[in-house]
């Protein structure tokens, strides 16, 4: 089939789903709404598959299918077509989006079956899918931006889906506004690129920049990437703009799985992978990205340790994992970033859905302190969750191991990397293992701590099937990217398929000669760190359940700081938001009312004052008037005679 | 004939309305305004978008001694503004169906006269004719605010009138100076704008008191007040808040555009050197307007005032775009004028619909509206998205182009203007959150204070009746909009997406003119196509 | 000296004669019928006959330029134009006078007599070609006005107004006359052409002449109510019966300004010796504009407000006068003045007319509050007043806008931009007080039940006609401008 | 020390000086005196001062216009006096007062 039609179908299907559900938004029929939405999503998935295979049949260098539907904005030198490209990167992305998306849609049917407005929910979900596809398929930065803002919009709508709760509505707004801060950076980045290179189309940019970069100053390029990175910190929840993501957990859990774990939040990573052939010419930008990513990974992981809300733990884990991806981007390991993006999509979506299943079972309870021992009640959920757990903490041969390990190795070995970056990454890996195991221990293992009136039950098949599929993917998803050193010793010598696939479209940094021994050693270290973290958590929360409290008490202020998320929200509130509101009120009341209007009134008052004066002068005395005349004549005469 | 018909048909309508029986005024006005709109659509057949010149010219001597003519014509810059004016009138008639209950005859007369004056302003190619329409448009609006307005309407309408008049009278003096300049330089006195373009007005860079600079500021002041630009914007919030819904809609949607249109029609082409020299000032004021308007909008307790300040912010974008003096900025500026007309017009209509039902505009009185009025909420949110420039809505195209242009012209101003994108989201979404989300507010059937009291400075102020336990009155209110109101909003919502998705459909009609304006800025001439 | 006047001279002065004769007819009838007041309508018809006959007699003189009675009177464009304006104002003012509450119906005949003779005085002044005639005309209409003011049914302030006007008017006349005596002493004649031809020369050489000339102008400035000779105007306008105020504000100004224009035509202002006076005059104009607008700003009484505003308008028109006097494109200034005379006459007499129609009692002094809710009670009247006030404000497309446009044009052309700017500032202030009545009429509800006023059809018609005229002359300003241009063409 | 001739020969300057003095007296009367009748007299005095200067100028230049003017002025002054006195009488009838200070109702 013609790829244009496929792309069109891919995009239109969720849009139609949106229209269908959007128009009957009052309907309570979750099954109809869900089925339509899932079908739409699944059609897109089929199209993605078809496109993927079409792409696969092409020679590696020619693997891009572009179709431009119409010119969107044509002004001056700016010509933005509504164009979409499927290439190696976007093919993976659309497969993830529609694949994981379909599963989550399916899961949602069960999850949202008792909701008041399921149609609206599915409409938003489809709309999100559409926007996400636009984001990854766009063949220029502006179309990507369309999707970029569009997903933010859907995220806003879905976070605030249960808008009657002011906190949830506020969370939606926080997400949108924080994203907007990033978007502003994105815009400026785009402007710089446009005015430096005269185009916004990826293919042109990526062709042009390597050509001209030798002869021109790369300052604008670095600056552009830094601004784009601000955009990415917003969308992909990096320091300093990550604060919205934990709050975004106010949305329905499948939304968290789809938007805030698997797809939308990875848009920043996608963007940088997409631009990586140009990014490599901006090493300073890469440095910033790498350190921001590493710092985010560690900070979020430490916060994750102290959280009690199951979704919040996962949210911080997401932030942390995204930090990994940016670390990879920053050190030039674009393939690894994309790889981790994919495996993370599998296991994090799995865990979110699993947590959804748990929450569903626990009647909207999210506090892990009130859970425990759920293994008995939710066997399938537990089993799949374990797979995800193993994947995220990086136990071979689960998916997360391969991607995370590659990132750590590159952080160590890449010319952009350093031992410090590796160390942060490794430390984060240990923390990750710790808090994930803690999550497992508190939720599924040990004794149950919930009340007698709660009767957890396993979720219906529409919810467990996606869990199982994602569980499977969390196991095997990493096998497409087995590192060379590992592949060399495995039977059949599997090569790094993923890297090979992406090779033509991503940037490459010059590598040192791979040190095989070091790589093995580091692999061992990271796995053992993960194991250590996991054991420590297991020991703390199951074997000696009183230990955490003691530790927390001992650490005192440090613990409180971490548990309160380093007071970042409070910091923003106090030093950013409150001053902003105060300033606004002040300028309204002082500048508008007291200065500008006062000046206006002053003009009026001046006239008024003059009027009083005029009234005084006009005193009604005939002889005063005659005197004015006489004086007038005298003055005129004097002046005329004197000057004349 | 077409253009004169467009200008003066509403006058005829006004006369007809004056004679009709009271009962049929509304439907008849609707019909007539639709007819007017239909007539304006004929422009699509008669207007040649590939030409940058002035078309459909009509020229009759009016005051030949001073070279003043009744001279009208259209080009790509005025094209859409005319359509916007005619397009909004039927919507306003329909939108005021229940909002205006008193003196409906006078109201519709005002409306039609206003429509005539506005279209005249956009079509006039003679400076005096322009001035005449520009000033004449004040009067119906003055009455609209003053007669059908809110509690402080007298203050607001007077402020509006005096502010605008103050600016435009200086412009009159400048126009006179230009007329005499045509006599000196071209041999014959002429007040026609194309002749003004031919003038070589002396300009000395760095000198404040040279002819071009003085005249430039005389014009710029008049238009800046109309736009309104910071710091001469304070009439706008007052006028908007006090105006009745239709008045607000027309004021925001069309009248403010007279100012920005004036910049495009007069200021840039007639005073190219001064405009270029002072562009930084206007860009700066534009940027200040963007941020200032947004910040002040954020803390408004009154929805209408919030929208009014958002207008200040949006018009700041337009000014930034126009004074970027490049094709992106100017195109974006023009597009943003239309966007603002549609989105702010729609917002005022929406606020009016709510006000009609609850008689409160205090944000603190609302909350949880989304639950009881979902369609209204959807419409409001769509318009909000347009207002905050979410891609694929019209607002994005305008803002993006303006920011692009602004950034090209000046990196610092462009960069700061981008902050407006953030702040815009903040104030609109915060308002949306407080009005539509959360627990039901006291006018939405909820309790009196549900944690919203803290936001509103005027919480509970003036709504004592609601606080006295007459909740039943409010919970019984049907806050959802009806079919008529949906009809009013539907075209606007459709346009929001149409303009967002296919901007070329719109920009192609103006492209030639705008390209011409930007490319030949320092030596601007307009062909008059007979 | 051979006396040479023929029939043609009598034909030329026929308007004045007609006015005088027809003013005497009702008076004679009254006297002959035992001092019994006749039907006021009949009296009015006699008066109309006189006025329209005068207009009829005036029409043939349009376009002519000649003198009469040994050069004592001059008939040219300016005089013809001013004659028509004055006659028009007289007709309208007569209409108002009959309908007014403050006109004593028992003395209506006398009122008509005085008013028509005041018109004769004004005509005399605009025709005058000799300073003696000027003085006679000026005194004639002044004396008539003093008496008419005092004849008001309102007894308290009208007497005061009359007396103030009388004392101050006489004072100004004396000053003017003193000036005339100096002029006579230096020129050796009171004959205007002789004066005008030697003005340039004498101004430069003779200080006594300078003194005389300035004093003459002061006398005119008093009548035109220019600062600092304006102080009588608010008090007198307020105290006088409204129809008479309308007449005074328009007719007197038309006559005075027309004569002033003749003086200015001598190009006196171009003499270097006289420049200081031109400078002073500019300042006086600025102060006039300012004091007029500022004084009107906070007036409660509408009549007083309009009185102050008429001071402001004098300021505007004086801008044109200066522009007409300083050479160069003086034509613009002269036409500006003449055009403004018409436009000002139409809108001011109309505005006062509306006020007089709303006065329920002889002593009522309408305030802005009294207009509240007028739009609902008397929509047409409110509309007419609105149009007239908008014209006074200078909003297009009313005639007031074009009046200002021409004046400001003249100022800009003549390099008097700063005067134009002051005019603009004044206009901005004026927006406030002109719109306040509009606000009251349309946007406020009456607090107390308004006094019932019965509408008189003639005044009603007159006011509507004037409001219409404001719009018609606004839209069709070119024909009027051409007439004005033709009227001043030969003088300048 | 001016020569006796200058003192004894009464010329134009003397007349004009006298006229100016009388005019000033009249003016001062108008400006200072509170009685309306006296103010009226002041005006008359001013007019007569003007008459004097007219006559003086007429005598100097030798043409008749000045004399004619004087007659006109006298007539007008008479009329003015008539009107003025009538007004004064009317005022007195109404208010029983001829002090100008009582007529300050119109003001502001």
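Lettered A, B, C and D in written order, each chain numbered from 1.
As a working rule, a residue touches a chain if its C-beta (ideal position, glycine included) is under 8 Å from a C-beta of that chain, and two chains touch if they have at least 3 such contacts.
This structure is a prediction, so every number in the text was calculated from the model and none was measured.
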Checklist outcome for this item: Check: interface with higher C-beta contact count, A-C vs A-B, is A-B
Item to check | Core chain by centroid distance, with centroids computed from Cα atoms only | outcome: B
Item to check | Inter-chain centre distance, subunit A versus subunit C - centres from mean C-alpha coordinates, in Å | outcome: 79
Item to check | subunit A and subunit B, separation of their C-alpha mean positions in angstrom | outcome: 37
Item to check | CA centroid of subunit C to CA centroid of subunit D, Å | outcome: 27
Checklist entry - At what distance in angstrom does the C-alpha mean of subunit D lie from that of subunit B? => result 66
Checklist outcome for this item: Where subunit D touches two or more other chains at once, the residues are 27, 30, 39, 103-108
Checklist outcome for this item: Residues of subunit A that touch two or more other chains sit at 615, 618, 620, 622, 626
Checklist outcome for this item: Chains touch one another in the pairs A-B, A-C, A-D, B-C, C-D
Checklist entry - Where on subunit C does subunit B make contact in their complex? => result 390, 393, 395-397, 401-402, 405, 408-409, 412-413, 417, 420-421, 424, 427-428, 431-432, 435, 438-439, 442-444, 477-478, 481-482, 485
Next on the checklist: Show me the residue ranges of subunit D that touch subunit C in the complex, using the header's touch definition.
Outcome noted: 12, 16, 19, 23, 26-27, 30, 36, 39-40, 43, 46-47, 49-50, 53-54, 56-58, 60-61, 63, 65-66, 68-69, 72-73, 76, 79-80, 83-84, 86-88, 90-91, 94-95, 103-108
Item to check | List of subunit A residues in touch with subunit D within their complex | outcome: 615, 618-623, 626-627, 630
Item to check | Complex contacts: residues of subunit C adjacent to subunit A | outcome: 163-164, 167-168, 171-172, 175, 207, 210-211, 214-215, 218, 222, 227-229, 231-232, 234-235, 273-277, 279-280, 290-291, 293-295, 297-298, 429, 432
Next on the checklist: Going by the contact rule set out above, which residues of subunit B touch subunit A in the complex?
Outcome noted: 159, 163, 231-234, 237, 292, 295-296, 298-300, 326-328, 331-332, 368, 370-371, 374, 378, 385, 390-392, 396-397, 400-401, 403-404, 407-408, 414-415, 418-419, 421-422, 425-426, 429-430, 432-433, 436-439, 451, 501-504, 507
